[in-house]
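Listed after this line are the structures, all set down as structure tokens.
The two complexes that follow have chain A in common; it is paired with chain B in the first and with chain C in the second.
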Partner chain A sequence: MKFSRRNLIKSLAALGSVGFSTKVLAQDKSNPNNLPPNLPEWTPDLGAGVDENPYGSPSEFESNVIRRNVPWLTASSQSSVNFTPLQDLEGIVTPNGLCFERHHGGVAEINPTDYRLMVNGLVNREMIFSIEDLKRFPQVNKFYFLECAANGGMEWKGAQLNGCQYTFGMVHNVQYTGVKLSDLLRETGLKPKAKWVLAEGSDTSGMTRSIPIEKILDDCLIVWAMNGEALRPEQGYPARLVVPGWEGNMWIKWIRRLEFGDKPYMTREETSKYTDLLTDGKARMFTWVMEAKSVVTSPSPEKPILYKGTQQLRGLAWSGKGKIKRVDVSLDGGKNWRTAQLHAPIMTKSLVRFTLPFEWRGEELLIQSRAMDETGYVQPYIQDLQKIRGKNSIYHNNSIATWLVSKSGKVDNVRLG
Partner chain B sequence: MKFSRRNLIKSLAALGSVGFSTKVLAQDKSNPNNLPPNLPEWTPDLGAGVDENPYGSPSEFESNVIRRNVPWLTASSQSSVNFTPLQDLEGIVTPNGLCFERHHGGVAEINPTDYRLMVNGLVNREMIFSIEDLKRFPQVNKFYFLECAANGGMEWKGAQLNGCQYTFGMVHNVQYTGVKLSDLLRETGLKPKAKWVLAEGSDTSGMTRSIPIEKILDDCLIVWAMNGEALRPEQGYPARLVVPGWEGNMWIKWIRRLEFGDKPYMTREETSKYTDLLTDGKARMFTWVMEAKSVVTSPSPEKPILYKGTQQLRGLAWSGKGKIKRVDVSLDGGKNWRTAQLHAPIMTKSLVRFTLPFEWRGEELLIQSRAMDETGYVQPYIQDLQKIRGKNSIYHNNSIATWLVSKSGKVDNVRLG
Partner chain C sequence: MYVWVKIVSVLLLTTLIGISSLEASDRAFNLGSIATSQQVKGWDIDVRPDGVGAPIGSGTAFDGEEIFAEQCASCHGDFGEGVDRWPELVGGEGTLNTHDPLKTTGSYWPYASTMFDYIYRAMPFGASQSLSYDETYQIVAYLLYMNDIIDDDFVLSDQNIGSIKMPNQDGFLLPDPRPDVSNINSNPCMENCNVPVKIIGKARDIDVTPEE
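Moving on to the complex of A and B:
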């Protein structure tokens, strides 16, 4: 369904044609002294000057827009995760201060002057690079999403965490600046037997993952900047690995070493962790790609519907296999679907913003979104995934979520069927 | 000239094939105890957990990457400007904390609950909108640059401020989220005589500008978000006007009113200010469009060349008339030009990142960049502008700058000819 201007006007007309703003919100808590035609209290005040905040911060009125963690989810905050407040965000850029964090030994604090990246193993020349060395190679600037393999992991056993932030917030999207590993490796050369890379972090956990060389040479990057500025400490300052479209755990932060070998290294993080335990006790391994997924960010459990009439539904879609081709939205639990508008730029392995206007007259809704990528892959229901994988999984839940909108406008995360 | 892989390899080979990193930088101050094969001091430390920074900040090692003002430039910091550190940034996203500020009465502090936008004058229905009302209209997400008309204003009289930040830093680029004024105005209607808009801010300066209705209906927005999150206070929280491609002074912050009239309002900010004083004492008025411009951000006065051999020159280009089509770079003061690589996405009225590799053997360079947009407009030299406008101007200096690279690698802002 294309957006209908007539519908919008009809709906707004129903609210009265003039000055509807002060009437539509039952919970309106505004101070009448500040409303037109009065001069608001902030106008006579000479505000802060240009020398007060050399590096700016959000408004104090936005103090609820923060990363949040779930203390009971993990044993320590240093080996834990927090979540991006997707429900509060617009567009496709995640502000650096709100990019979710997942650490296994806390945030390493690295003096960039002392930073080095070592390349060793099955290469022709073992080499060591400083940050300044890395910057001598041709640079690329790319928007990519990063999603933790465990995003939505609690949901395998039902609708358990009642929030958009907690069920979908282990994903962020920034523009990275760095160098292609395929360029860097031309300097070291590769021996014919080199088939796998061990990527190693320099944090306390000594995070290590094996990556097949085809992926490394295809589109992997070593980056030093996100959204224009230096990587944030919690995102691997001064340099991290970028593995576009693949699970976030492989994007080694504070990266210190790439070792080339002829087989996977079978590290803890790809054997006991980041594998999908099936019902027969066997595990799916090396399930790296983050498949097509989407989420309606508003309405959502944190963003109830405030008024009847025209709503602007909005959400995010992404695919580790390439570009998002289409997003459909259902308001009735999957019986009927409408195609949402995708907002440019639509880039490969990047978040895409979608919107869909709809009319709400106070009825119950079951909101779902379903992404399709350029390979034709369609985001599944969790029942489809569970037929194959059972319910032991923690990882790779890219299923369709359902938001139940009550007659009051309240929104809850529910499981259908 | 296309980038040559052979040249890069040749140049790197000249440095020695293994471990060149620890030798190339004369000013290397790294601590050998932290370098391979030693275990760096940060690895044994269990770092910060995920609950320590609900809204993150840059590394302490990046404390020099800040907005800077020039105290002597203006009489008070509340009616003044600071500058974006372009020389430290990569890609095309300006982090919100580093977007330059220009205020005429300091930063208004507005409780968003009390915020209202009034539309009055030659409309069919005068209306008042809250933020929630605005969010009921179809939403758009667009990357746009914002440049102050006075960016580079000191340079009309010669090369006066020796820094990329001070000569080019009154520009930033973010993704905005908001509504089209053409959509909003369908609700108010417009009387046939409505030809101009007075846009009024609610800060102490009561900033007001006149804008022709063709522009308002073409692509102007009212926005509440930048780079995904709420507008920053210094950028007009909770809502500002976006006037794509036109001078930043018109992008009224903390906007409270749009009045429609049949002629321009001739406010202070478009008569005594933001006009271009010519040599005959007359002034060019309503010179709104920010024409094609570019800057080499590295090397630049703040980013000297650190080593001989392969360099990755990088810069930014933009045009208020549409998309950037091409950027050429000269290393010899304009005698010879090479075409730089433009990095996708290339969007209309948005910053574009360009890069160009080159070899440096210690000779003097005169670096210039020259942008061309999709209309065929080519960025001029200042002498071309001065032939028409003289030297009284403050505004609309989009001329080609020259960075002189000395044999030591030091870089200075100079004026040729």
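Moving on to the complex of A and C:
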């Protein structure tokens, strides 16, 4: 479109109509003294100087953008989980302070000087590495999503929690800096019988998971940095395991040991937990990969539609099996779909941002998104999963959610059937 | 001066190569240090289903009742029935295929070794690795007894923990059958799709979402 005078006038007219006549839920709380043609209150005076806040923090006006938990879910905050505020984030990078937390015995406080990683078992040399040793290996910098296997676990039986944050927020996406385990293990060597690794944390829960050696040698990392700075304590400082595309419980934080053996170890976390109970009472075990999934982050229960007219629907998609190939969006509960725009970079086992513009005239909407990954896998409906797995699985609910937009612009998490 | 530096460098280099070829053999980067068997012993605390890794020790349920009451009952109850939201450890047989499954050590856990491994490494909550090996065997024996798996005078030990048969040992399926839905490599419907669009549930009505 040429930016002609006529178009400019049309655009201004459109803006005017959005700002006034089509308001739904929005309340204008602006202070008129700060609006044109007046001089805003922050203009005449000097602001804070450098070093006022040497690390920096978000604007005070963003104080609602925080992790939140559901207190009734767990018996103690030390063995609990909170959720990433996906509805407030843009792009694909989760800020370090907003990455959801899942601890089994609280956050271990570790002086990196006293940190050691032990490698033992079926290796040629049992060895110990300091954090400085790790940083001298060839390094890689990779974006990966981390999703808890129980993300959406409360939604198996029906729409239960009314929020994007609470139903999808056990996922985050950061750039990791670390060493490939395939490089680290060139120091220890591996015995031919080594088939499984026990990864063990040094927190009070001594978190442990068994991982097959093929995965360890394929793309697993020991990392010390996220988004350009040291790991946050709640994300495993000074070092954690990265298991791309696989359930978050395996990404052992505060990692202290890798033991190589010829059989899986059958730890508490891979037997009594993180197993998927089916209707006949049998349970699936070792269900590691996180299948393709997507969510519309806005509109969402926390992000109602405030104005009629032009909207920018946004969302996130991801797959533990590779790259996201396509995301479709429906505004009528799945009857008709439009393909959303994917925003570069589209990386393997990383969140991908999608957007879709649409016009809203105040009608009821049933918003859904449907991800496809490069394997051809299409994100299923909950009924597809329930038919095969029942309703007691807890884990691995990657189904399509539905947001009901009511005529007022309010948004609700609903279940269709 | 230059020649001297060069000679020293050559000597240094020779020494370094000499050391590294002795120490490193096939090591690629010559980083890290060799772990002593004593260092490994201190941290290698895991126990496998076949009993590999089980530390020397033993205990009976009879002995375990007292230590369980002291160390475990405040959260799990005197009989493993669970207090408040803390986990139940006993019961649940026959519930796994119902609408309200109760997963306990007795009804769900496939291996006694996992109980020993977990209790020793992570319990009591907030005082992990403070139990002795004998105390841990006693507590595991008490839980097995409470779940009708062994008698109260059965001596559980490193010798037999790998041969305890748990009721749900065969209750787990491998390998992972996913993708288990049929919509693979299909062209998903884009227009006039036949899907149910009736609202059958609203999270707002359930009313369990935390309020701001």
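Structure notes:
Everything that follows uses one rule, which is that the second predicted complex is superposed on the first by the 391 of 417 C-alpha atoms of A that agree within 3 Å, B and C clash if a C-alpha of one lies under 4 Å from a C-alpha of the other, contacts with A are read in each partner's own complex, and residues count from 1 in each chain.
Methods note: contacts are C-beta pairs under 8 Å (C-beta built on N, C-alpha and C of every residue); 3 or more make two chains touch, one makes a residue touch a chain.
Bear in mind the structure is a predicted one, so any value in this text is a computation, not a measurement.
Looking at the shared chain after the overlay, A:P212 reaches neither chain B nor chain C. Between chain B and chain C, the partner in contact with more residues of chain A is B.
By the document's definition of touching, of the two partners only chain B reaches A:P233; chain C does not.
Using the contact criterion defined above for the overlaid structures, shared-chain residue A:K263 touches chain C, although it does not reach chain B. By the touch criterion defined above, A:P380 lies against chain C but remains apart from chain B after alignment on the C-alpha atoms of chain A. Shared-chain residue A:G322: touches no atom of chain B or chain C. In the superposition on chain A, A:A283 contacts chain C only, with no contact to chain B.
When the two structures are aligned on the shared chain, A:R136 is found in touch with chain B and with chain C. Within the superposed three-chain model, A:G417 lies in touch with chain C and out of touch with chain B [touch as defined at top].
Within the superposed three-chain model, A:Q160 lies in touch with chain C and out of touch with chain B [touch as defined at top]. The residues of chain A shared by its contacts with chain B and with chain C are 68-69, 71, 76, 78, 105, 118, 125-130, 133, 136-138, 186-187, 204, 206, 256-257.
Touching chain A in their complex are the following residues of chain C: 26-35, 37, 39-40, 43-46, 48-50, 52, 75, 84-86, 96-97, 99, 101, 103, 105, 108-111, 113-114, 117-118, 121-122, 125-126, 128-129, 171-186, 188-193, 195-204, 206, 208-210. By the touch criterion stated above, chain A contacts chain C in their complex at residues 68-72, 74-76, 78-79, 104-105, 118-120, 124-130, 133, 136-138, 158-163, 166, 183, 186-189, 198, 200, 204-206, 208, 256-257, 259, 261, 263, 265-268, 271-272, 275, 277-289, 291, 301, 328, 332-337, 366, 370, 372, 375-378, 380-381, 384-385, 388-389, 391-392, 396, 404, 412-417.
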